[in-house]
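Listed below are the structures to be examined.
Each of the next two complexes has subunit A plus one more chain, namely subunit B in the first and subunit C in the second.
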Partner chain A sequence: MDAIADTTIAQAPGAASHATEDTPSLLAVVIETNPLFWVPLQQQTELKSVIESLIVAMNAHLAINNSNEVIVIAAHSGKAQFLFPDPNVLKNDTNPPKMDSHSPNSVSNKSTSPTPDVIDDKRQYLKNKNIYRQFKLMDESVFEKLEQLFNDTVADNSKFKSTVPGAISMALTFINRMRQVREGITMNSRILVASVGGDQTMSYIPTMNSIFAAQGMRIPIDVCKLGNDSTFLQQAADVTGGIYLLITNPNGLIQYLTTVFFIDPSIRNYVALPVNNNIDFRASCFITGNIVDIGYVCSVCLCVLSMIPSDKKCPTCESTFDPQALEKLARKPFVKRKVVANGNSETPNATPTPAGTPQPK
Partner chain B sequence: MSSYLFKDTVNEYLENLPYSMKSKLFKSPATCLAIYRLLPNLAKFYIMSMVFHEKPVNSRIWDVWVKDSDQGKKLEVEGLRRMKSLNLITEKNNYLVLDEHFRESFRNALVGNDSHHAFGVPCATDENNKTSIDFLDEFATKKWESILHFMVGTELDELPSVGVLSLLKHSGLMEINGDITKRNLTSVNITKEGFSFLLQDVNAQIWTLLLEYLKIAETLNMDSVDVLNFIFMLGSLELGKDYSLEALSETQIKMLEDLRDYGLVYQRKASSKRFYPTRLATTLTSDSTTLRSVSSAMNKAIRSAKQDNEKDVKEEEAQVDFVSGTIIVETNFKLYCYATSPLQIAILNLFVHLKSRFSNLVTGQITRESIQRALKSGIASDQIIAYLEVNAHPQMKKLAQAALNKKIEFESVNGMKASHLSLRNLEIVPSNIVDQIKLWQLELDRIQAFGGYLFKDFKGEVEYKGLLNYAEEIGVLLYKDNANRKFFVTDEGRQQLIDYASRRTKRQKKS
Partner chain C sequence: MDSDEDEYVAKNPTSKNAGKSGMAKRTRKHGDDDVMMLLEDSEEDPGEADEDEGEGEEDDDDDGEYYGRKTKKKPGRGNQKKKKTKVRIDDNLKGKDGGYAWEDKIKRSWDIVKEDKDGSLEGLVSGLLEANKMKKIYKNVTPFQRGIIRSLILVIDCSRAMSEKDLRPNRYSLTIQYALEFVTEFFDQNPISQLGILGMQNGLSMVISDLSGNPIDHINNLKQLKKKDPEGDPSIQNALEMSRGMLLHTSPHSTKEVLIIFGTLFTSDPGDIFKTIDHLVNEKIRVRIIGLNAQVSICSKIVKETNYGDEKSNYGVILNEQHFKELLNDCITPLPVIKKLSSEAEGVQTTPQQKTFSLIKMGFPKRITEVDPSFCSCHSNLNYGGYICPFCKAKICSLPAVCPTCNLMLISSSHLARSYHHLFPLKNFEEVKFNEVDKSINLESQEPFKANFQYHQCYGCLMEFPVKSGSIVDPKLMKTTSRYQCLDCHKQFCIDCNVFIHEHLHNCPGCESNV
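For the complex of A and B:
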């Protein structure tokens, strides 16, 4: 029976190659917009030109297929926010009235008949410029929301915190909901992170959590990194099968975005992706921020430490460490049973000691 | 499954256009976008990588991009062939150049820097009474269904318009005798092509008719570029909006009248200065997923029309519960279809032995006879399977999805690479049914024809053996008869074999 089936299938030439093409795909773009992170990059590029390139790339994504979709999330200072589609519209919320002019039926561009005043509003835009409506809806929404975001931002140095992991998990939840809501319609999804900031110790756990969630959902995370390398995002791309690329020349960003970051999940199996062979898998110490080879791990929240904190409490989850265990650990290089307790790992070159060999003091 | 059929036919048509016409087409951003969407995925990637890259690209770079696998190479060759035959790229000394017109228009489309009104001119003023999307859906459904009903021979109150009738006749979908212009028909018969036409999805059907329309348009001295541009523009318009006739050419205004008959656009009056694209038009360049929503929207329109007549509230509720027109196929070849439309029942009757009909359900059995009857009338087994898949009940899709997920999970747990299992492994229709339908088709296709050349009258056993072995080695041999020293090779193999033979004789002469 198998043999027969094979021949019958083989008789339809091209059947396989066509079948892979019809699946629409969803691109979730996470843009780091925190102004503080952009300051060091001033010499190279500015947020505006990066956003412009990203918008063109998103238009290009929409151009692939009529049912392709884009969501845009800004990782801003202190919070992550949807730029497109408008979450208020998604919830079928009526407020705020200013907003719902943009994406009433762009979310799925079917269903929901727009109310007359919405049409009027959109006509204003359509009159301004002549552009494909799908692009238009997205572009306008992104720009307006961004402007609003920046107007609302108060200068505050305390918000020097990365919200990228938050934005990634927002994207993941959105994709998950799309999968629930639209039964029967399957979509390839991927996340593209445009990041400028460096690694932050506190975001290690949220980053890892979202990475593993993405891995479980089989969603690749592509990382377009400006500025300096990021260990966490490298790991994100590696674990989820995405692409990590450090852009050294941001002026040519659009070319990167339309080649390397344009590889749709449907052709990923056939295209040679750029591979990153030296990924730093090490975690960083939560107190000193140093990258740790061997260190202590909090048994509650799995936070990584290079030294025993002075207050005997985990700096992340604040759980008190067992004094007995600490005592044992404090008896430094002494090796007990098979456990190697090495407290000297602050030096990056520290090598693990083979079990059973006591280390000279 | 079947959506690529329409892609292929449209592509074929575009590929065969002369270059002068294509370069005219490339000047419209909307057309460029539509052409781009029709390309295979890998070609889309190639084009996109060239749009913002001014310099010619070495063709070897693309080889590097594609992984060294059979499937990948096949896709690459296919992508390149398509782009070349569409004149999108030209090759000069191993360097590939993107067509300048295309690059410019496509870039304009992406960046939103366009002055051609390619995406339609919306009306500036409001119309007194707006036309709702529901109304447009109903209008489109009514028009389109009436054409299909006419084809399956349902009694209609009113015949389709002259334009539709002549189009059906010219396309060879129907045999219509009698005076078309006076609507005085003596006999109407559906052809083999007509049967397979009915099984296609709505989009493919519309494209079939539009391409026929293009052929007729050429004979009527209409500008094909204008016609095509207009069709592609319709695909990029927004549903429920009114567009002005201002930017349209004369040809395009003339087209509106015909398109109205197919239900693609709506105008309140023939003299109206505005038109509304319907769902049929706005999804022209979309693919199957949106199509499903088209058909469900269509079903909704039908249902709401029906509900007006039925006053029984309970029945209404019952009707909302199931999705109209969906099919359940069991592994025992029994088929159930929630169908109320005589059109769908008529289509099912083409390949199913229908047994009983209830108020909202028909049941039937897929039998060897019923399938072979359909195959003999010109329907391909693939079309039947595609029809069953596209119209499958959501519950069947859910089951198939769950089965696939289990499989992927199983393989990844066992450390196997699950990446080859993609959505195309989704078995919506039970696999034994699919195989059996294909087997029934094979029963009919017992004879396969090959074009080729017969070689005979060899000088001796040595020459015969030598040439035969060579033919076998290069894989062009189709048949051999050792006793009579004859063999048969394919068309492509002939020249290679002759070259080999002449080299052989030369060598022999020398020695």
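For the complex of A and C:
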């Protein structure tokens, strides 16, 4: 009865502040699990402890509001996969994806995935079986799926490309679906990316496309970066209004997660958060790969060049440039030389002697 | 006169209500069928018939002639004969049976509605919805060289005819509302382009918003315009001449485009509009027109001449609000660069090879933050931080901009990245057929069969597909599997994800997670 009363108050026009507090929020977590990227971090931390910290943070997110939801996607080597909600559990649900289901039949629906007994035989994932049901559903699914993922992984050094852009794309398609299914119910969504790989592992255009899609949907992308800085992810956080934080001390990860990343985007304006002001928005040259300050951009394909190509053709789209325009670009600044009356031209670097202000007589 | 009237109507098959009054009156004998030409399937707009009749001079015709009813000399008999022998039928006028479109059997929208065994319409309705969504996302995905850097003049008809209430609340308000959305979307997709807005009123052209790259100015100016009332007659010639003037000083590498939203059926011009068209052709200004009323001959002439003969994709007459929106959205995608400049059909003097490809010098400034505020060089406002021009070290407060000190174009790399999906479009997904997994299913047989699929849920959103593996499918009722497959990674997606991926994301989640 109280619950009903609460919702009526929350929806009343006078209770706007209540409404913002109570708006449920969906947290999409993208974890980069590609083993190759974790090798350089061996000295600092390991995947297991990071997952544990993330699990605590996600449980906290679920606990803070009864209608909050979490989705977890692993960006593994060569594939991105949902860890939670478990695709197999959802399979027999005729309803749209539902993660915080209190209905008891959502577990019994696991027809193709191992039944709870089998899991018990295989491995006990959780120490305490009597934890809060929503925690249990998510934690078990994440551990189980991760284990499957690592068991299936074959050592392959060629899979050095990051699947984070793909995982973000999947998170966006999922959120898009949730928005269509729950028309009329406002739900804040945000994406948290726990990434370890550097820029060179991510393909530029897909990353940018997903960033702009997230921006269009008003979904902030928070980045919890381990290892080295990533310009792409810095831009992702900046463009979408999320937080970018380079974790220098991974042992304290849980602290970062439950303080900085835990704050709901609606109240971020009132909290002093780490700001990242030195984002590099410069582009890199398509030929040399150098970062350019002033460059030349092809008017057809927008590729960035640090110099005028010698064959007067765009290296990407092969359009031939207008020679006149190139000539104009290549022209050096013109210094006008003064011709002195006696015929000797003045040296260009000679500083003109000040004539002096005319004095009043 | 009868056949004259008929021909007049025949010239306007694409317009939504042209000549309705003329057609509705008579029954014409043709072949064995008595064809009642009541145009009952078209969108009805009462109150416009008179206007159509009144402005008969400006009809569409395929010869590019500027003739109206009074100049039609062809005798009625000859006209009939021409049709019987099927000498040449314009593709635009062709119906399904090979004859003219109006000779086809009338198809009523309710004919396709059939109930399934349980008397439910659910399957059919969802099928229709899907077909609609598919239509929206089907795009030509051939990567073209596009003129990414654009200069576009948006011309809005602000004449008396815009106060018509056939669009809600009226044409004028809706047009401005859509224009506002257009401006936002335009700059989102074309961040390094420029836009200017003109209005046509009282036979004059007025500047609503100057050519600039700042969307906020345009939006404010359009909001101001909303308070005014439409009045007087429009003049296309004045609008085009003014657009020419505004586009005169744009850089040579940018495309010059004009988009006219035209709600009237005539134009009251001070001079010879054909001279203006010739000027436009010479200056390579491409004109697109969206008609709110009916197709007008002079508009199609302008569009045809300025777009190298391609009238179809550049001149659209709206059917309803939704279609209006779609036509506007079409203009957001940058136009492909046309290399071949053939204007032999019109006999206009041929112009030399277009030289729009060039390199543009651009600066990528670094963002700074300051403890103490300083003045920006663009607005002379005090602010904390901004961007520093790499060439002259002046402080600018926002990007993209042209440095006020050294005239260098300043942008950030993410602005460039916004345009990349136009240049590298995502491939269309293909619908999965029922017999993909089970080859023994014969789709032609019309017999119910057992469906068999590889995937059970959408890869992007985990939603289960409506048609399940093992369910019995009646091909008469179930036309679609609701599964769409990426041709590269062979992952399957639902229709909503398909739309979202192609409209907003421009990434295939399957391909990106399989690298």
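Definition applied: the second predicted complex is superposed on the first by the 222 of 361 C-alpha atoms of A that agree within 3 Å, B and C clash if a C-alpha of one lies under 4 Å from a C-alpha of the other, contacts with A are read in each partner's own complex, and residues count from 1 in each chain.
The rule is short, and it goes like this: a contact is a pair of C-beta atoms (placed from the backbone, for glycine too) under 8 Å apart; a residue touches a chain by one contact, two chains touch by 3 or more.
Bear in mind the structure is a predicted one, so any value in this text is a computation, not a measurement.
Residue contacts after overlaying the shared chain place A:A213 against subunit C, while subunit B stays out of touching range.
Looking at the shared chain after the overlay, A:A63 reaches subunit B, while subunit C stays out of its contact range.
In the superposed pair of complexes, A:L41 makes contact with neither subunit B nor subunit C.
In the superposition on chain A, contact of A:T23 is made with subunit B only, not with subunit C.
When the two complexes are overlaid on their common chain A, residue A:N278 makes contact with subunit C while staying clear of subunit B.
Look at A:A80: by the touch rule set out above, it reaches subunit C but stays clear of subunit B. Touched residues of subunit A, counted separately for subunit B and subunit C, are more numerous for C. On the subunit B side of its complex with subunit A, the touching residues are 1, 3-4, 29-30, 33, 36-37, 40-42, 44-45, 48-49, 51-53, 64-67, 69, 71-72, 74-76, 78, 109-112, 114-119, 122, 124, 126, 130, 132-134, 236-238, 240-241, 283, 285-290, 292-293, 297, 382, 394, 397-398, 401, 419-420, 422-424, 431, 435, 438-439, 441-442.
Per the touch definition, subunit C reaches subunit A in the complex via residues 145-149, 188, 252-254, 337, 355-369, 385, 390-391, 399, 408, 412-414, 416-421, 423-424, 456-464, 493-494, 496-497, 500-501, 504-515. Of all residues in subunit A, only 1, 4-5, 8, 12, 14, 16-24, 56, 59-60, 63-67, 110, 113-114, 116, 119-120, 123, 126-127, 129-133, 135-136, 139, 183-186, 254-255, 258-259, 262-264, 266-267, 269-272 touch subunit B in the complex they form.
Residues 75, 78-82, 85, 87, 90-91, 93-94, 96-97, 159, 161-163, 165-167, 169-170, 172-174, 176-177, 180, 203-206, 208-213, 216-217, 235, 239, 277-283, 292-302, 304-305, 308, 314, 317, 319-322, 324-326, 329 of subunit A are the ones touching subunit C in the complex.
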